[in-house]
Amino acid sequence: MRTKGEFIESLRDKRKVYYRGKLVDVTVHPTLRVAVKHASKLFEYGERISEGRVSKFFTVPRNSRDLLDRHELIYGLTMYCNGVFNISQAIGTDALFALMVATRKLDREVGTDYFKRLSSYFDYVSRNDLTMATAQTDVKGNRSKRPGDQEDPDMYLRVTEVNEKGIRVRGAKAHTTQGAVSNEIIVIPTRAMREGEGEYSIAFAVPADAEGLKMYVRPIDELEGNSSSVLSREDYELETLTVFQDVFVPWDRVFLFKETKYSGIVASLFATFHRFTAVSYRIATSNLFLGASRLMALANGILNEKQVRDEIVDIVMYKEVMKATAIAAAMNPIVDEEVAIPNPTFTNVGKLYSNAHFHDIVRDLIDISGGIISTMPSEEDLSSPEGEVISKYLRGAVDGKERVKLLKIAKELGSSHLTGYLLTLMVHAEGSMEASKIELSRSYNYKDAEDLVRRLTEQEG
Amino acid sequence: MRTKGEFIESLRDKRKVYYRGKLVDVTVHPTLRVAVKHASKLFEYGERISEGRVSKFFTVPRNSRDLLDRHELIYGLTMYCNGVFNISQAIGTDALFALMVATRKLDREVGTDYFKRLSSYFDYVSRNDLTMATAQTDVKGNRSKRPGDQEDPDMYLRVTEVNEKGIRVRGAKAHTTQGAVSNEIIVIPTRAMREGEGEYSIAFAVPADAEGLKMYVRPIDELEGNSSSVLSREDYELETLTVFQDVFVPWDRVFLFKETKYSGIVASLFATFHRFTAVSYRIATSNLFLGASRLMALANGILNEKQVRDEIVDIVMYKEVMKATAIAAAMNPIVDEEVAIPNPTFTNVGKLYSNAHFHDIVRDLIDISGGIISTMPSEEDLSSPEGEVISKYLRGAVDGKERVKLLKIAKELGSSHLTGYLLTLMVHAEGSMEASKIELSRSYNYKDAEDLVRRLTEQEG
Amino acid sequence: MRTKGEFIESLRDKRKVYYRGKLVDVTVHPTLRVAVKHASKLFEYGERISEGRVSKFFTVPRNSRDLLDRHELIYGLTMYCNGVFNISQAIGTDALFALMVATRKLDREVGTDYFKRLSSYFDYVSRNDLTMATAQTDVKGNRSKRPGDQEDPDMYLRVTEVNEKGIRVRGAKAHTTQGAVSNEIIVIPTRAMREGEGEYSIAFAVPADAEGLKMYVRPIDELEGNSSSVLSREDYELETLTVFQDVFVPWDRVFLFKETKYSGIVASLFATFHRFTAVSYRIATSNLFLGASRLMALANGILNEKQVRDEIVDIVMYKEVMKATAIAAAMNPIVDEEVAIPNPTFTNVGKLYSNAHFHDIVRDLIDISGGIISTMPSEEDLSSPEGEVISKYLRGAVDGKERVKLLKIAKELGSSHLTGYLLTLMVHAEGSMEASKIELSRSYNYKDAEDLVRRLTEQEG
Amino acid sequence: MRTKGEFIESLRDKRKVYYRGKLVDVTVHPTLRVAVKHASKLFEYGERISEGRVSKFFTVPRNSRDLLDRHELIYGLTMYCNGVFNISQAIGTDALFALMVATRKLDREVGTDYFKRLSSYFDYVSRNDLTMATAQTDVKGNRSKRPGDQEDPDMYLRVTEVNEKGIRVRGAKAHTTQGAVSNEIIVIPTRAMREGEGEYSIAFAVPADAEGLKMYVRPIDELEGNSSSVLSREDYELETLTVFQDVFVPWDRVFLFKETKYSGIVASLFATFHRFTAVSYRIATSNLFLGASRLMALANGILNEKQVRDEIVDIVMYKEVMKATAIAAAMNPIVDEEVAIPNPTFTNVGKLYSNAHFHDIVRDLIDISGGIISTMPSEEDLSSPEGEVISKYLRGAVDGKERVKLLKIAKELGSSHLTGYLLTLMVHAEGSMEASKIELSRSYNYKDAEDLVRRLTEQEG
């Protein structure tokens, strides 16, 4: 297996990563190297290695047990990373599993050999223990127009040249999580495409330092802009706007092209795998809010207040509804093309609950912690000579220094840049609420329910 | 196995059932015989019989598989009964399983032989395929006072006499579901008792026609007071105020007495088994709302409206969160005294969600169906000569007669006595929201969450 | 002023009212006469008479003070009627005020004389102190089709004949509140009409006993089907399916015909007046839930429990948000054609809040009252010789007889036919939630908000 | 009237303000001078000056009109300050009005002359057009213990010395809004005090540069830690931990001492005035979310999507419920000691709604804006040579540069430090949700509701 050091070394390639207006080396940049460190924790996490000495992330799920294992692997690694999701091999395999199912169907229908190419690629990344980001969401331009009707034709990633060796692509993908610190970028369609949108119906993989690929990293304000941050100094995820300036992709890394019908199939299969992953890591993330709320309640001397109890129960509900749906999704998979797909209904139910209620648990933490998390003096004050008097006045049921440690975390989670970042993440990452509703509504099996009521109407006659 | 006819015949005993001020024979009373018919459907339901020719309800759960089977049995039988829970052997066995775990512990601690008595009784009811109601909730009087501090000492069921042959009990239990149409009444404590409350710490079983036992049935207004009802003519549950006027219980039917510590243990174990049952049957009940909403949307020509889609997704969420928690509770049991207890956290999460959101799905159905479900002319109008003109004007995307059939069901579910009854049931049956919150808050394992945050606070130093 | 007796006498005309399949005289029918009694309370309510000896309901609002007075009049009369809205002169005047504004505009644009006709009619009803129902909602058939595209052309009320003397109309209006016990029926369009839908663009008034008019009353199950009901024996509202079988309307009672553009204007103006009325009476209705919750909490000995306090605060919020919007709507009217129209934004905000949260206050009451409201023995049991033992066991912090009185009301409000009826009413009456959202979204003035943000974007440059 | 320049000059006194560990001059510090500029906008706002050439903030409300004027003044000034509340003379006068009512009562009861002292002070601040912060919330230590039971006796501000000239006070007040940039600090009790807590029952005023007074300003991360911020460069509020190290207060500035009963009265009266102020400014603040949501929807090309419409209606509801309660509170004041106090029920209803639902409108904005607000490249990227390609890909229904301007504001509001700060502010500022519930529950007049239900129970007999 690859070591942490080897992984970090592998990021010193020709990649074009921009941060705050400058081209940077992610492995040495004082802020971005935290994202590198976070990514590299994958290689420290012993639980991920299977008996066969392969990363368990590459275990293709065949049944409920495999899905439960994957669920626990993602939860476990997220806990290892302090509640922050480590995508290093998670989202990439979500995409690869989706492509496995889709390419098999496509090959059978059209007579192509995508599955073979994909299998080679799968073999390559797993054997070399590579990390992968997945770039799915096109920048989209005017959301009320189809790809081909945009004022600028590049609003959806598209093929600009086709030749014997491969294709050339142009466009941009938004929010590629950890793109800048991954080995590979797997690209899949953002949505179903229609007849005539073949140039947009593409899936492929490129190394992160492919020529013409540029990655613009979001500002990491939760670390740079919050001198009292604790969690973000250890773990955070970066996101990039990933621009493809006529990037060349050789045929053996192209997994879909032109077959518009399969764009939607890949997008939807990936969504299901990825939301299962999401529900799994969010359980770990919610531990941050649960733990901070409990400990703050204790530190404030209010753990026995009934409204505090209700708020803590609310966070427990949030966490456990997600967990229940993850388990149920694993227990009731759809097995298709020999791959066990997490049950889409349970997966989307968990995802939608998670989107819709995250802001409630933020409010719970805020209410328990007190307004002081937004008004407390800065880290610089606390470590200045004035720190003593400040600590004196920040005591609760525990002494001031102790409580300040908790307040810093409660602030980071509930009243800082990270709060805003997480709120947005929890609404948008892994698909919007609208997307989950569409999926739930469309794919749900209403038969039991409709039959029951129809049977009753007939009893009337 | 017992037949439906044998069961009905068995109810013609000395039981004292009062309905609307009169002593009645439940098997012939025009309204109450529907409750008998409903109860007797147990004996029609083929799925309930195990290979060993015993009712599967008596299978003591030993592992996840057994709990999943029980979950499916309850769902299946409820669906067979048109979405109305059939408690005939469900709640009784919930109580017996709870007593099994508790009596073993008690015997070991105190040296009693309750488990043996219980096993004999279990053998008796299962061998004879009897049906059982469970009477738990004391009438309670002033809720702010302990049992012994009540103005009238009978507000909690209590022992008034003890002799060689057994005990004599006095008091009343509220809302005994299907008590009047069951063979046996199993009685368990309503709550934890304290030192000095030994006379209230009792569990036992009596036949439904025991001397001194009186059952007062609630008015079945959903049938008698709604001439257009459909479902309630087929299936409903009755409830009784069950009064014990110095009823004698022989020692071999006494399963707990005086051991105050075990009152709470029995009450809490029963709550867990019973809420698992509740979540399982409510999934089936929610099918009524889901099916009626879908078919009404279709009949009104509004299935493609986005607010309708959102409301249907809301009902799907309601159903599937419960289902996910049932599956997760079965998959993560606590095995105690060789009995697999459904996971209390998932069970209570499902239960609390179910309590808190049922009224939302009622509103969803109402919004989709239209105000007409509360203002439509009566069944008598529809079957009078005026029926034609009324039907003409009640057409939607389907013809009037067809739509009226659905409107009657939508009205019964969303705008009738049954609505009020169900709303109350869904809030109170199987324990209040407050009870679930207390349980969730108290028994939850906060370790993962607190450790994570503690670990972070230490990183700071 | 007219007396109560005169009013009741006036209902003994040629009206065709059907109840449970039979043609009936509403003034003597044992059930329907309660609706008559309720309607007639208008004439007992001293506060309604102005100094000028006219019913204050006919005061055309010219300013905030007039609207506040109307708000208080409606609240006061509803309280006088035990929390049940008395529409006798309320909804009719809502319609007349809307027509006043619209006809003036229409006359000015088209050169018609509708306002004059309307003024004569207004004078006639006010001078004679008549009561009026308003019939607005067409039965609508397939909701996804326009009036002219329906399979049966009569799904929207339409003109079938025009001659020198007047028009003849055919169709049906759903849920005409108190139609069967009013003197006059005022008919207005259900929605905006388009070019070519002139035959559906009609507003007019007919006496309730007009030839060809048939009214089918909903079954009053809350009274007939609940032997323990208290409130419904005093006050309820009936609703009719009101069928127009080629009813003739003379020109002087026609207030709109053919002018499709004005259909929407009338419908929308009526909606605003009527929702202002709705918010006003619902404040009184919510007192039933607030009072019952408080008194039940007291009777159960749980008034000091925190969850009870939270639930009572929830009901207070419900009531007072409505009240605040009513006051704000009155204070910020739109004065148009000399008529003060309640502010549509505040009116719709109050209405939408009221629709969306009524089911919450029902749940609050249910949770406080306890499951006993759905399982308690019947009135017949309570008044039988068994009543004593039942009362013994129904005591709380107050004695059994006292608590039973409250339980009957709590049951009627929270766990009976009335509950289902009110839930539907509170969602649909005076327009659906969707209708309020459309109105709010469309008519809202976003200027302040958009200007502020635009100003900020310009500061950036 | 005082000028902006005079005001800024007046802040160059002996005040001890610490920021990020250093003693600073607020008028020149690059970050804090923005708070000075914000405070000074008061002096630019023409509407604030009354005919009598006094700031309208000092107009003691005597009736509804005065309260409506004050409501509009606060809204108007907040809008002038880009949606950010300007407390300069608002919170201070809230405290002074509360003290006016309380001191009159106290003087009458005890024979003191506090009202006279207060009047002189009121005259002094109004004549000199001073700005005032109000320090109320003690740091409180262990929330489950009374002031005198704390481990450190200084957890509630207390009197440590009394002599002929005045008193000396020690302790700390948390979150003093704009304390560091105000002329005066008015100090009032945080809560009701009990017998024996006289040393904690104090109200007084000191100049902001009083000896022994130290102010520790929270880090302004929304400006310093977000290089794309726009709003925070123009307007923000600072908060201080305000420490009193044996600060001397002469008697003529002491407005309450020892009279424990009046601590609660002052705290509660201030809460009412201040929540009325809060509801008024929050209407303006919500315009930021409303405007940004509308313009983002437009820029994304999704304004006509139904879920977008629903989210915008949700923000409108948020804003207009607050506005309606403000108007209703003004229209129904309690006039006490000649001062018109905003109606506490409406005020608390508005406040509680505002606390409970702010996080919903944040979610609405986030959902409409898209995940890009958390993942977009930084300001430094946008203004670097790479800016062009980034803008190309950030276009929507409008061009990239235009959309970026909006995205920056949407990010600032929905996905940045300001988001977390506002979420906390909206939950805690002006009192917690629990505080509003206690107040609502305690002071509500249940008479109408209880009488109605009692009347009904008597009709039964």
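Order of writing sets the chain letters: A, B, C and D. Residues in each chain are counted from 1.
In the analysis below, a contact is a pair of C-beta atoms (placed from the backbone, for glycine too) under 8 Å apart; a residue touches a chain by one contact, two chains touch by 3 or more.
Just so we're on the same page, UniProt names per chain: A, B, C, D = 4-hydroxybutyryl-CoA dehydratase.
Bear in mind that the values here come from a model prediction, so they are computed numbers and not experimental data.
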Item to complete: Quickly list, by label, the chains bordering both subunit A and subunit B.
Response: C, D
Practice prompt. Determine, using the mean of C-alpha atoms as each chain's centre, which chain is farthest from subunit C.
Written response: A
Worksheet, complete the sentence: When centres are defined as mean Cα positions, the distance from subunit A to subunit D in whole Å is 38
Response to the item:
When centres are defined as mean Cα positions, the distance from subunit A to subunit C in whole Å is 50
Response to the item:
Where subunit A touches two or more other chains simultaneously, the residues are 307
Response to the item:
Per the touch rule above, subunit A residues touching subunit C in the complex are 306-307
Worksheet, complete the sentence: Listed in rising order, the residues of subunit D that touch subunit A in the complex are 18-22, 137, 139-145, 151-152, 154-155, 171-172, 174-175, 214, 216-219, 221, 224-228, 239-241, 243, 245, 300-302, 304-305, 307, 359-360, 362-363, 366-367, 370-381, 383-384, 386, 389-390, 392-397, 411, 414-421, 423-425, 427-429, 432-434
Discussion item. Give the list of subunit B residues in touch with subunit A in this complex.
Written reply: 79, 82-83, 230-231, 234, 286-288, 290-292, 294-295, 309-310, 312-313, 316-317, 320-321, 323-325, 327-329, 331-332, 345-346, 349-350, 352-353, 405-406, 408-409, 437, 440-441, 444, 446, 448-457, 459-461
